[in-house]
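Presented sequentially are two complexes of chain A, the first with chain B as partner and the second with chain C.
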Partner chain A sequence: MIEIKNLYKDFGELNVLKGINLSIHEGEVVSIIGGSGSGKSTMIRCINGLEKITSGTLTVDGFDVTKPSELLEARKKCATVFQQFDLYPHLNVVDNITLAPINVLGLSKAEAQIKAMELLDSMAMSDRATFYPSQLSGGQKQRAGICRALAMNPRYLLLDEITSSLDPEMTAEVLEILKLLVKRGITMICVTHEIDFAREISDRIVFLDEGTILKDMDKQSFFNDDGGLMEPRIAKFLTKMATI
Partner chain B sequence: MFDLSSMMQYLPAFLEGFIMTAKVSIISIGFSFILGMIIALMRISTHKILKYFALAYVDMFRNIPFIVLIFFSYYGLPEIGIYIDAFWTGVLTLSLAVGAYTAETLRAGIESIDKGIIEAAKSFGLSPFKIFIKIIMPIALTVSVRPLGSVFINLILTTSILSAITLNELTGVSKVIASTTFRPFEVYVFLVFFYGLLTFLLSGLFNLWHLRLNKYNEAG
Partner chain C sequence: MYGSEGFSIYDIILWAQGLGVSVGVFILSMTLGLLLGVAIGLIRYYQIAFLGKTLMMISEFLKNSPIIVQLFLVYFGIPAVTGIDMTPIEAAVWTLSANTAAFIAVIIISSISSIEPRQLEAARSFALSEFVILRKIIFPQAFSVSIPLLVGLAINQLQVTSLISVIGVYDLTRVGDIVNQRTFEPFIVWPIIGATYFILAKLLAHLGTRLERRFSQHKIMSEL
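This part shows the complex of A and B:
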């Protein structure tokens, strides 16, 4: 379980997260939505330890990410897929995928490669195994990014607006893959602008507004007129997103 | 009359000087590369003391003429009880001085790396050391490898100054041969050839390294 209690995150004078309380259980698919600057990405970055939290607690399966001695264990359980892909440009696809399993999980090179090829195969990417990131399309890069995350056998998959840099066709291609992962029962925390997609795959929707959780509801209630839509801020946001 | 054949009997002496120059160069390149990596890392660290120490280091060594440094180390230090022979004085002083240039060259490469790539590696739990060796250095070097080649060629050329502290490297040997034979023209033709050979070899190596490191860029 990922447990966030009374989390505050400031960047100097700027208070980005103001008292977040959130628990995410294994097997859940949680979508985090909200306007730009609402703190969605910062929250993901707090979970994987890329941002130091200002106050509050954040544990991943009991491991406290604020303690340097426990951060590594927490990070082994979470794997992130990034908006800008952030693949290692000097390594080919397979080496991108196997770097962390070999150096962090201690897998042998052969084991890691077999696993990587299985993952690539499952995403129709095996013919791109020896390509460098610069030779891939956006959608392929993101599929490689997903493989890189899954190769860590994570308990939690953190997705940080992973389709925002993709055109609609490639977005569809990546979302198809996520649907498959949902079917496999992997826990996902998904920061997204794809409202329709969030509605389709999520168990729960968390709506962030100016650094606080405005609503944290199961999907059915969130999209109901007497649920999330009761909240004017959310109704406005959803209408705006629908017109884009 | 210009007569290169008169130099043949001095060939073994030239070769000895050549080997000495090559030895000093290779060891100094190794040391200054390691030192440069450490200083570059300190320079970009968020730790204030490390950062300013590195900055002061780079500024100091880039602003003192090398001949002054070498005189200081060879003739100055013994006065306070530090004796090092000419060879190691040369190697250490060169490494310290060139380390400053190496650090700046590497820093430029490191700073060109997209921060997101390093964060991705961090988020997967890679240790800072592994990130440095497996991600930062290979990417930084793709940018820095050519300027680094120039820095090290300069190092080879600078070894000629070590003749001033009695080291019998190429230039030192040549001066002796020139004053024995009274044939400075022929002697310095040889000298030019030997320096050319060394720097040509080094720049060839760096070109190969550049191609290897940039494989992924050309692939796109």
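This part shows the complex of A and C:
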């Protein structure tokens, strides 16, 4: 379980997260939506310890990300897919995927490569295994990014707007893959602007507004007229997203 | 001793000795300079506070003062202050190493900062240790960026070795001076000495190009 209690995050004078309380259980698919600048990315970055939290507690399966000695364990349970892919440009696709499994999980090179090839195969990417990131299309880069995350056997998959640098065709391609993962029962925390997609795959929707959680509801209730839509800000946000 | 005595077979031996000394000092000071320069660069990159500042001040002095002054300072100054005796060659190697290190530190820092930092965050998020990140992600990329700069520096430092004759090292330039004074054939002696440096520099450049090809495969591939 990922447990966030009373989380505050400031950047100097700027209070970005203001008292977040959120628990994510294994097997859940939680979509995080909200306006630009509401703190979604910051929250994800706090979970994987890339951002130091100002106050509050954040634990991943009991490991406290604020303690250097526990952060590594917490990080081993989460794997992130990034908006800008952030692959290692000097390594080919397979080496991108196997770097952490070899050096963190202690797999042998051969084991890690077999695993990587299986993952690539499942995403119709095996013919790109020896390509460098600069030789891939955006959609292919993101599929490689997903493989890199899955290769860590994460308990939690963190996704931060992973389709927003992709064109619609490639977006569809990546979303299909995510749907498959959800069917297999992965736990997913998914920051997204794809409302239809969130509606289709999520168990829960969390709506973030200016650093606070405005609504944290199961999907059914959220999209009901007497659910999330009761909040004017959410209604406004959803209408805006629908017209894009 | 005075007046033209012509060349002899021993001049070739002298030339070879001078070449050996120049190349030896160059290789030693480049190697030491590289180790030291990388260390200084990393200390700066990881912002080890006091050490980084002090080393940077020393580097600034080394980069911005004439190498001859540095040679005199080390050769005459260090024995005077510490009582440690130094041969000219030792003084030359230490001075050139420190001087090279100062320039290499700058190259290291700038090539590390050319690496897109988000990929390092990604690596950290996968629980990779800072050491693995340094070895497997930062180093290979920084190295491929820095090769042309390092080769340029090496070629420059090779020419700089010709200055060590002022503290009495019998390097290639000193040999040229000796032979020239004996034979009075400057238009034979100096072109030969010059050509020797030239060939060494070209060899370095060639080596650099090969290294660059090897370590920037991902860049070359993307240009295909």
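In this text, the second predicted complex is superposed on the first by the 244 of 244 C-alpha atoms of A that agree within 3 Å, B and C clash if a C-alpha of one lies under 4 Å from a C-alpha of the other, contacts with A are read in each partner's own complex, and residues count from 1 in each chain.
Keep in mind that, in the parts below, a residue touches a chain if its C-beta (ideal position, glycine included) is under 8 Å from a C-beta of that chain, and two chains touch if they have at least 3 such contacts.
A quick note: this is a predicted structure, and the numbers were derived from the prediction, not measured.
**Q** Return fit or clash for chain B versus chain C, each positioned on chain A through the superposition.
**A** clash
**Q** For A:N103, decide between first (touching chain B), second (touching chain C), both and neither.
**A** After superposition on chain A, A:N103 lies in contact with both partners, chain B and chain C.
**Q** So, A:S36: does it touch chain B (first), chain C (second), both, or neither?
**A** Once the two structures are laid over each other on A, A:S36 reaches no partner at all.
**Q** Tell me which partner A:Y88 touches in the superposition: chain B (first), chain C (second), both or neither.
**A** After superposition on chain A, A:Y88 lies in contact with both partners, chain B and chain C.
**Q** Can you pull the chain A residues that chain B and chain C both touch?
**A** 48-50, 72, 75-76, 78-80, 82, 84, 86-92, 99-100, 103-104, 132-135, 148, 152
**Q** Hey, which residues of chain A end up touching chain B in the complex?
**A** 48-50, 72, 75-76, 78-80, 82, 84, 86-92, 99-100, 103-104, 131-135, 148, 152
**Q** In the complex formed with chain A, which residues of chain C make contact?
**A** So the residues of chain C in touch with chain A come to 116, 118-119, 121-129, 132, 136-137, 140-141, 144, 217-219, 221-222.
**Q** Under the stated contact criterion, what part of chain A meets chain C in this complex?
**A** Chain A residues touching chain C: 48-50, 72, 75-76, 78-80, 82, 84, 86-92, 99-100, 103-104, 132-135, 148, 152.
**Q** Please give the residue numbers of chain B that touch chain A in the complex, ascending.
**A** Contacts found on chain B: 114, 116-117, 119-127, 130, 134-135, 138-139, 142, 213, 215-217, 219-220.
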